[in-house]
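Here is the structure we will look at, set down as structure tokens.
Chain nomenclature is as follows: A, B, C, D, E, F, G and H, assigned in order of appearance, with residue numbering initiated at 1 for each chain independently.
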């Protein structure tokens, strides 16, 4: 399912979709539309270039690219756009995702990628970072984000009270 | 020296300043104003909170926080703002900065930090990622960024020609 | 459940509680009271500061802070107190806890954290280290600790005899 | 030079002494006496046992043990005392001290060691953690420590001001 | 300097050239022509695609791509050709090249890259692996390679004799 | 089962066979014959030498050698042939295969091995790299490989469309 | 069960016994008697010293010491004997045994330990290395070892034939 | 220079010789003769087999094999002898020798190698481990070794006294 929006999510293969569940819930909860595409830096390099060219037409503001192993997708997308790109390393092999983390975080100077943590936890943070960026131009969204952060905070405070009973 | 602007740079100690040289040149070349502050998540925790509260008054849009070792500064700043925070791991000890990289990238879900590469190369990319984010609201800056990227590209093409002679 | 006492345990989220089972058994066996709170360095940064301010009123002598991933909680607590802080890295992600271990152990100079091993084994040792510290002022506790150590020793000697049969 | 005192420092070889410079300055500045001994877990195992037996006679409250490579000294000392032991991993070989860090931090349950960071930065924090522990029974020392922390904090604030000029 | 030939070498930046010295000596000693181009997967992504399209016209049989940090160049080239691609990880940052090694070796299934060792030693082996591949169709080259291997072997035997004197 | 052919696969023990399933499917789908042998660099060193001597008689063009732990098999085979050798690191122990990856990729200069990724994903890429090498002399195979790559690409494009429905 | 013999096996806790199964089968198959004791470097340091003093009376020639995490047992035994000590790192925590491997292999100069691989595979090799050492003085044992090695070799050759059917 | 003796040292290349300085001093001080040969598992595989066949004629009891990077030499020698083989990983590349350490320590079951620490410190321990093994049959050597150990011990005690002055 693809909804139009400010966030463009790209995964390298359909099997990576499960890692996005929490991230998509955050975008939907905060009312941020998104596109979701499958495109592989290695198997469909031209498609990645074409897709990158479409970002501006689609009105995309932030790109979230997810990949495992030698995770080149975020860097390759970043090479084809001047929109901010957030990379999500996926734990897709026997090394626990440290391969993907280094392949995303250690981009050479000139073409930036903002790397978040490995796996579903990282994907959630990618969604929140995208919301923070979009929120710079959308005061309503910024308010919803602040409310979301208060809820996160309240949940911890509630857990603390519950622990004390 | 501190110039007002859209980018807030924070370093944990004065000695981290050298890692920022290239990053600051990029901001200055692209005409993006910045604040530069020293504040330590561990030695001046209150100051980090106060500074975070000032971001909005200053009109800051993006925060770049640099730290080495158990690099908590970017995460602690992110906990105190809903502005996008970019973390720069610094190679400040015998482990080559992998400690700082993991301490920044592996943020738990809820409070995002976008981590770039280790050291001066990462700091340059932090500046460029900040420019990409600010460029979403500033078409002139976006144009200057695209020109900068073309220059980067041209430099590689020139190197290729020179190699061929 | 929270009992008053000399040891303050803090976990970053309720789900980290399971890692504390053995640690709490040790404190209870040795008769050391403890407070157990949930507080997150990232989701409830103010609460961590407030809680740290309460340590002295509560009569706390030692703090045990547990966290996974980019485990900032022990360092952030340490920044807000001059009580000794023991950090327990939790194996909460795909990297086996090495991220949390480095985020705790590699504290920059000035604000110390004593890091123990990863997970439940480390949490037990955090409890024992807290007991050793409190035992400096409590000769009865020190005796109970010495007896505990003799039991540990005896259990190994018994296992050795059993193996020989 | 050996001064009597509450802190017992042990290094595995004379060459490790340089790593202690900043740590000793902190102890001297804060007025905490210390013993400094060379004893090797591997070359002088009996001496380590004898030395551990002397801690109580000397009135030692906290032990700081420093070692590199397969850094067994802190754990071996901890096995022979119920005083709190702080381990300092030293960067003494080609692996940057990660070997020593794991050899100290990953102690099996039962015999705790509080591990600080690698090298001179870690040694300073070992001294400060020792001061925090001794300060629990010495209100004057605790005050001096709080003043020290304020100075640390002030130094960062001063650097920040200087940067702004 | 670019000589026509069966081997296409690509480096991501001019500064990577020094790592190739021994590799180029091997190609020249064994009489294998090569093209040397600078092209960056990130700064000149289109140029990498164009260059890949030229491989067949140039009569290239094997590609050697060298890159450091998040070393995407070999994988991106491999995505644009069905010629065998050999990747050389370069030690270009504080992590000793393990980042580049994982970014090259851990390619996802479908698009292969043959990864050699880090740095100049690896680059020499990339040249020799290219020679082995080209030698499958060139019996004279295969002979020269076998002679080269005998010389390598003889050098070790000579060193052994010399040591024995 | 052993079919004659251009590719020689060697595994160090029968239990490694499962990692080859996808690789063998690729060779069979693309019509590339292969030999499959079990030979251990450590338990049957002479057999490895004999087998290497048979490669040319068998008409083998490329060798794929798979091994886990201290994975010496690819390097030992490479020392006994001038055919191109591709090494597949297997995830056969508690370190996730990083031991095998380093034991294969970090070959000293003089005797090359092209290392692919860890496990079944890497084995598939080894098969494809072998096909690319053999395809240099077999235009029909090269066409089949290009069709295979188009199918890979089409599968991603189809997944993308399906995601959009 | 403890049989007298030339090999002394020591494990740090009863739970480590399972890792020894294959090792003990090898010793029994090759007719080498062994002692098996439980003794902990940390929980029973005196017992380790006493046990080490008994080695000569028992006629022990080689010691095999197994431990996980911060695996100090082999080094501590080595410090108390001049018999050859073989260390077996055990995969007893979330880091896959790399902590134990470094804690055993990286012994400082002066007191040697021969480290084998992690876990049951390593334990088997410890047994075989002990047999090799004892075989230097026992020609019959050396013959049985050579026969064992031929069987290992034959098993691989048989697997190879079976694969070819 | 080659002296006949009980210990056979093999290095993979002449440049590895410097790492042996301290090891050879130990052998000479303790009066243990040794052979020193250069032989490469990769460049001179036949020579390694031939050399292994000569061990018994030479009266060799223990083999010390040193190698860096993908350090196959100790394992390959072990595959060709039933004498005990000690492997010394050398820090010969940008990864600090962790590659060599894993390539030596993680030998698959059946063919043991006893791995010591990385570099010159490890090489000294290899010499001492060889002396311990040979000392099992040579009471005079065992006495000299015990005296050497006492000197090591005394040196630490002297350093301790000196520190106390």
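Throughout what follows, a contact is a pair of C-beta atoms (placed from the backbone, for glycine too) under 8 Å apart; a residue touches a chain by one contact, two chains touch by 3 or more.
Remember, predicted model here, so these are calculated numbers, not experimental data.
Counting hops only between chains that touch, chain D reaches chain E in a minimum of 2. For the self-contact between chain A and chain E, the two sides draw on mostly identical residue numbers; the shared fraction is above half. Comparing F-G with the candidates D-H, D-G or A-E, the pair whose contacts agree for more than half of the residue-numbered pairs is D-H. Mean C-alpha position of chain A lies 19 Å from that of chain B. Centroid to centroid, with C-alpha atoms defining each point, chain B and chain C lie 34 Å apart. In this assembly, the C-alpha centroid of chain D lies 52 Å from the C-alpha centroid of chain F.
In chain E, the residues that reach two or more other chains under the touch definition are 13, 40, 43, 69-70, 93, 95-96, 98, 105-108, 110-111, 117-118, 121, 149, 152.
Taken together, the chains touch in the following pairs: A-B, A-C, A-E, A-F, B-C, B-D, B-E, C-D, C-G, D-G, D-H, E-F, E-H, F-G, F-H, G-H. For chain H in complex with chain D, the residues that touch the partner chain are 91, 96-98, 117-119, 121, 149, 152-153, 155-157, 159-160, 162-165. Put simply, chain C touches chain D in their complex at residues 22, 61, 82-84, 86, 101, 105-118, 120-122, 124-126, 128-129, 132-133, 135-137, 142, 145-146, 149, 152.
Residue ranges of chain G in contact with chain D, taken from their complex: 12-13, 40-43, 45, 49, 67-70, 72, 75-76, 78-80, 92-93, 95, 98-99, 102-108, 110-111.
Touching chain C in their complex are the following residues of chain G: 1-2, 13-14, 17, 36-40, 43-44, 47, 69-70, 93-96.
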